[in-house]
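In what comes next, chain A is part of two complexes: it sits with chain B in the first one and with chain C in the second one.
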Partner chain A sequence: MKRDFDFVVVGGGPAGLAAAVQARSLGLSVALVDEQPAPGGQIYRAVERAEAEGRAAALGADYRDGLALVRAFRDCGAVHFASRQVWQVEPEGRVFATDGRESIVLRGSRILVAVGALERPVPIRGWTLPGVMTVGAAQVLHKSIGLLPSPGVWIAGSGPLVLHFAAEVVAAGGRLAGILDTARGGLPEAAIANAAGMLRGWRYLARGLGYLAALRQADVRRVTGVEAVEAVGEGRIARVRWRVNGAWNEAPAEGLLLHEGVIPSTHMTFALGCAHDWDDAQRCFRPRTDDFGATDVEAILVAGDCGGIGGARVAECQGRLAAIGAATALGRLPVPERERLARPAREALARHRAIRGFLDALYAPPPELLAPPDDVIVCRCESITAGRIREAVALGCRGPNQVKSFTRCGMGPCQGRLCGPTVTGTIAAELGVPPAQAGAFRVRPPLKPVRLGELAALAEPGEGA
Partner chain B sequence: MREADAIVVGGGLHGCSAALQLALRGRRVVVLERRHVGRHASGINAGGVRTLGRDLAEVPLSVLGMAHWHGIRELVGDDCGFTACRQVKVAETPAELSALERRAQAVRRLGYDHERVVDAHELRRLVPAVAGHCVGALVADGDGAADPYRTTHAFAARARAAGAQVVEGAAVTGLDWRHGAWVVATTAGTWRAGAVVNAAGAWAGRLAALAGDDFPLTTRASMMIVTERMPPFVVPVVSAAGRALSFKQSASGTVIIGGGQQGRADLDREQAWVNVSNLARSAQAAAALFPAMREARVVRAWCGIEAQTPDRLPVIGHSTRAPGLVHVFGFSGHGFQLGPVCGLAVADLVLAGGTALPVAPFSPARFAAAAAA
Partner chain C sequence: MRIDSMFLKPPETADAVTVEVEGRPVVVPRGASAAAAALIAGLASTRASPVTGEPRAPYCMMGACFECLLVIDDEPSQQGCLVTVRPGMRIRRQEGAREL
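Right, the complex of A and B next:
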């Protein structure tokens, strides 16, 4: 099978799919590698199957919108490597992907990193107890196999996904114990600060208000102004505790779903050595790019949420722009033609981005999440608490990599994916410096654990020993 | 401008060890480290503490150095994670075993008895998990492994306790001989001292060039692999006669696989990149000696960067051109074990102009001679 392509796309969400379709229309040879069995990414996960089984409508109009993009991708002539996790991308353009048994190596003249977002880690007391998981993980179970949370499950957090998922559960006939809303931006303040954006992004707002109405109608309990949440139990969660106006409340809980928004998945771009900046509005690192998604590493481009959270529509526009930029960089599209093609995508991008300032302000994560109390576990792989990180800082550590060497924090199989933002935040708060100065974990291959035998099989014949 | 008796450039193990010995002898010493202590090869190497299989020129120094490891707690107040768990170099064929026997004879002829050849039966007793085809091994019973990051920090901490100053975030920008002393300009201020120790690791060639010394150095970016935790199954550090491999299981159960397969280094960006094709050969070597390892999951791979000389022996000694400049670098992938003893040699060189320790084969003059010829 062909292994060399003009354009290799990593990630099958809206950014990757749109980029593949656009790149094919410009005559580039395209491969798309994705860990899911079918195109769609997180947002349009299994949309074809849900449609075939008559479940797509219940998952919302926005979800069903993904069908058109998925179908366009199926028809575009890109080679689709499905159910493959990319565990290494080299700056020179080699992409290594495993199906769990063996790895393939693809080569791209340009590589698009479109690996999306991950949920911001929510290190609270009890977050490592069985029965506590993220809203995103619960949504994967629902979208892919139709599984709903049991009625005694609470949702705690903020961000568009919380209301969206709660409404999704209700629409599918499920029930919830309640929602603990930790949004602290304050709707009026966020609205005033971003009035212009709100007017242009009214469709997003209307959608949010629609979720709230649906939840009220279904009589889902919603507690607002929640300042802190804890899971309590022996061996698994039994109760949830929350604080409002300084007073603690508690209730029995069969489960707890946490969510405090999403952050760019930057493991791949960090591993590639791309330059990153700290985004103060979104409280996360993101790779530095130009208008076409090009990074400071020549062969590498970025599109979608992994370059900064924008949502599906923004991702789609960025995917198209990245493909257009790559075609020009490869000498396949003259600059004037590039500008003509880019215009509609740029205009749509501005439109879809309008609401972002409002959402960022409304759903700003609470400072305790970035720097939790001493007894809270930060690194789940190695069971390292925030207190241990502070001790390492007191011993002279000035950044996450030194803390890692001192404490093993971030040395486990997740490679700091789940603790990185908290480690950076805790060190920055402790030293009183901006997070950008504290820095981030260096990321090393493989991006996902790979069997040693599988790695050994990549040794070129005759070069062994 | 701050004054010192000696300035050590580089906060790796060799720099910290030299600083410790100078401070113990009552000298005012400052270590200037561009990033932080143990940032590069010193902090992230495979941690092998090995006399086994060394170049014959290195054997006398390495054997002396081993005594310091066995007394490491007395030296730095911490055990540095050192365990004398043995090192075992495995032969997979009779021809490889014969070569190991010849090697052991050569070492004995020099008057050393730290290496012994074992047969397949004894190999299996020492390393029960080793592949069935292996026919014997060369063994050094006093060898072992240590935690490199912890070791480097223990030396830095002990040097500080002895009065040395260790300045992190001080990148050298200028090196000048003025009025009988070195003036070292850094991003964190300027220091002046009669002696400078060049322990700048991968960047030692650049520092030497500031003083007018030219060494034919390349950069090594030796890669390492760490797996997820596994039940204990191997005690010694294992290498192979016919393959580039070093293999050990840490106390936490993770397996660390090294052996010198090369990634790509970028001295300007102070970074190194793993090369998967080369890394695959390390994985292949590990799987050949320990077939059960095929199912182990690789969690992380990385490279440490340092300078390599054409003869793969270190550079230890006075500059042939510049006064008061002592070089200690170019360990070419096997300098960790030599760290403690080299600190003594460097302190001798700085304070007495010479040393009784066997470092003559590593004189910088060997390259000056080559350049002149």
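Right, the complex of A and C next:
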């Protein structure tokens, strides 16, 4: 099978799909590698199956909109490597991907990293207890196989997804124990600072108000002004506790779904050695790119949420721009033509991004999330607490990599994906320095566990050195 | 140990798949992940931490957290949320670290 392509896309969400379609229309040969069995990413996850089973409409018009993009991708002539995890990307353009048994190597003249976002880790007391999951996890189960949480399950957190998912559950006939809303009530300030963006992004605001109305109508209990949340139980969550105005409350809980927004998945771009900047509005690192998604590593481009959170529509625009930019870089599209093609994508990008400043301000994560109390587990893999990190800082550690050597924090199978942001935040707070100065974990391949036998099988006779 | 699942019984579909979770048959929708099957089966936890022995269960369902490591068809340390069920698939808890 063909293994050399003009353009290799990693990730099958809106950014990756739009990029593949655009690149094909410009005559590039394209491969797309994705972890999921079907295109769509997390946002349009299993949208073809949901449509076939008659469930897509209930999941919302925005979800169903993904069908057009998925179908365009299916028809575009890109080679689709599904259910493949990419465990190494080389700056020169080789991509290694495994299906769990066997690895393949693809070569791309340009590589687009479009691996999306992950939910911001929510290190609270009890978050490692079975029965505590993320809102995104529950939504994956709903979109992909129609699973609904039991009525005894709570949601805690803030961000657009909290209201969206709760409304989705209600619309599907489900019930929830309640929503513990941790948004810090900065609504007036956020609105004043971002009035222009709110006007341009009124469709997003109308949608949010619609969710709230639906939840009120369904009589979903919603507690606002929640300052802290804890999961309690022996071997499994049994109760949830929360603090409002300094006073603790508690209730039985069959499960707890946490969410405090999403952050870029930067594992791959860090491993590639791309330059990253700290985004103070979104409280996360993101790779530095130009208007066409090009990074400071020549063959590597970035599009979608892994380059900074913008949502599905922004991701789609960025994917198109990245493909256009790549075509020009490869000498396949003259610059004037590039500018003509880029204009509509840029205009749509600006339109869909207008609301982001307001959302970032409204749903800024509380400081305790970035630097939790001493007894809270930060690194789930190695069960390392915030207190252990602070001890390491007291011993002289000045960044995440030193803390890792001292404590094993970030050394487990997730390779720091789930603790990295908290480790950076805790060190920065402890030292009183900006997060950019504290820095991030160094990421090394393999990005996903891969068996030695697979590595050995890659070294075929005659292909060595 | 089993509990009532924190999810409602999945909608019945004609092409549902029967898998084995901890030796017991469980019917799950086609396209479900192995981790989803363990949740539907109502396993109280799906692995024991190799560091502390504490019970753990799927957390992110998106391939990032590695909490859903399972033994799938005798192959240990599989990311259960990224493996799609096949009829007859045998899914077991991952007790601590895998044996090398």
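We take it that the second predicted complex is superposed on the first by the 460 of 465 C-alpha atoms of A that agree within 3 Å, B and C clash if a C-alpha of one lies under 4 Å from a C-alpha of the other, contacts with A are read in each partner's own complex, and residues count from 1 in each chain.
Methods note: a contact is a pair of C-beta atoms (placed from the backbone, for glycine too) under 8 Å apart; a residue touches a chain by one contact, two chains touch by 3 or more.
All of these numbers come straight from a predicted model, not from anything done at the bench.
Enquirer: Figure out whether A:P37 sits in contact with chain B (first) or chain C (second), or with both, or with neither.
Expert: Second partner only.
Enquirer: Once the structures are superposed on A, label A:A456 by its partner contacts, choosing first (chain B), second (chain C), both or neither.
Expert: first
Enquirer: For the three-chain arrangement built by superposition, which of chain B and chain C touches the greater number of chain A residues?
Expert: The partner making contact with more of chain A's residues is C.
Enquirer: Quick check on the superposed pair: does A:E298 touch chain B, chain C, both, or neither? Answer first, second, both or neither.
Expert: neither
Enquirer: After the superposition on A, what does A:G412 contact: first (chain B), second (chain C), both or neither?
Expert: Touch status of A:G412: both partners.
Enquirer: Considering only the touch criterion stated at the top, classify A:L147 as touching first (chain B), second (chain C), both, or neither.
Expert: Second partner only, chain C.
Enquirer: Regarding the shared-chain residue A:R398, is it in contact with chain B (first), chain C (second), both, or neither?
Expert: Only chain B is touched by A:R398; chain C is not.
Enquirer: Who does A:P130 touch here: chain B (first), chain C (second), both, or neither?
Expert: After superposing on A, A:P130 lies in contact with chain C but is clear of chain B.
Enquirer: Using the touch definition from the top, say if A:R444 reaches chain B (first), chain C (second), both or neither.
Expert: first
Enquirer: Intersection of chain A residues contacting chain B with those contacting chain C?
Expert: Overlap of chain B and chain C footprints on chain A: residues 412-413, 449.
Enquirer: List the residues on chain A that touch chain C in their complex, please.
Expert: Against chain C, the touching part of chain A is residues 35, 37, 42, 46, 49, 53, 83, 85, 100, 118-119, 128, 130-134, 136-138, 140-141, 144-150, 152-153, 174, 235-236, 254-255, 265, 380-383, 412-414, 417-418, 449.
Enquirer: In their complex, what parts of chain A are in touch with chain B?
Expert: By the definition above, chain A touches chain B via 88, 90-91, 94, 96, 273, 398, 402, 405-406, 408, 411-413, 415, 444-446, 449-453, 455-460, 463-465.
Enquirer: Touching residues of chain C toward chain A in the complex: what are they?
Expert: Going through chain C, the ones touching chain A are 3-8, 10-11, 13, 28-29, 31-33, 36, 39-40, 44-46, 49, 51-52, 54-67, 69, 77-78, 81-84.
Enquirer: Within the complex, which stretch of chain B touches chain A?
Expert: Touching chain A: residues 36, 38, 43, 149, 168, 225, 227-228, 242-243, 252, 269, 271, 273-277, 279-281, 283-287, 293-302 of chain B.
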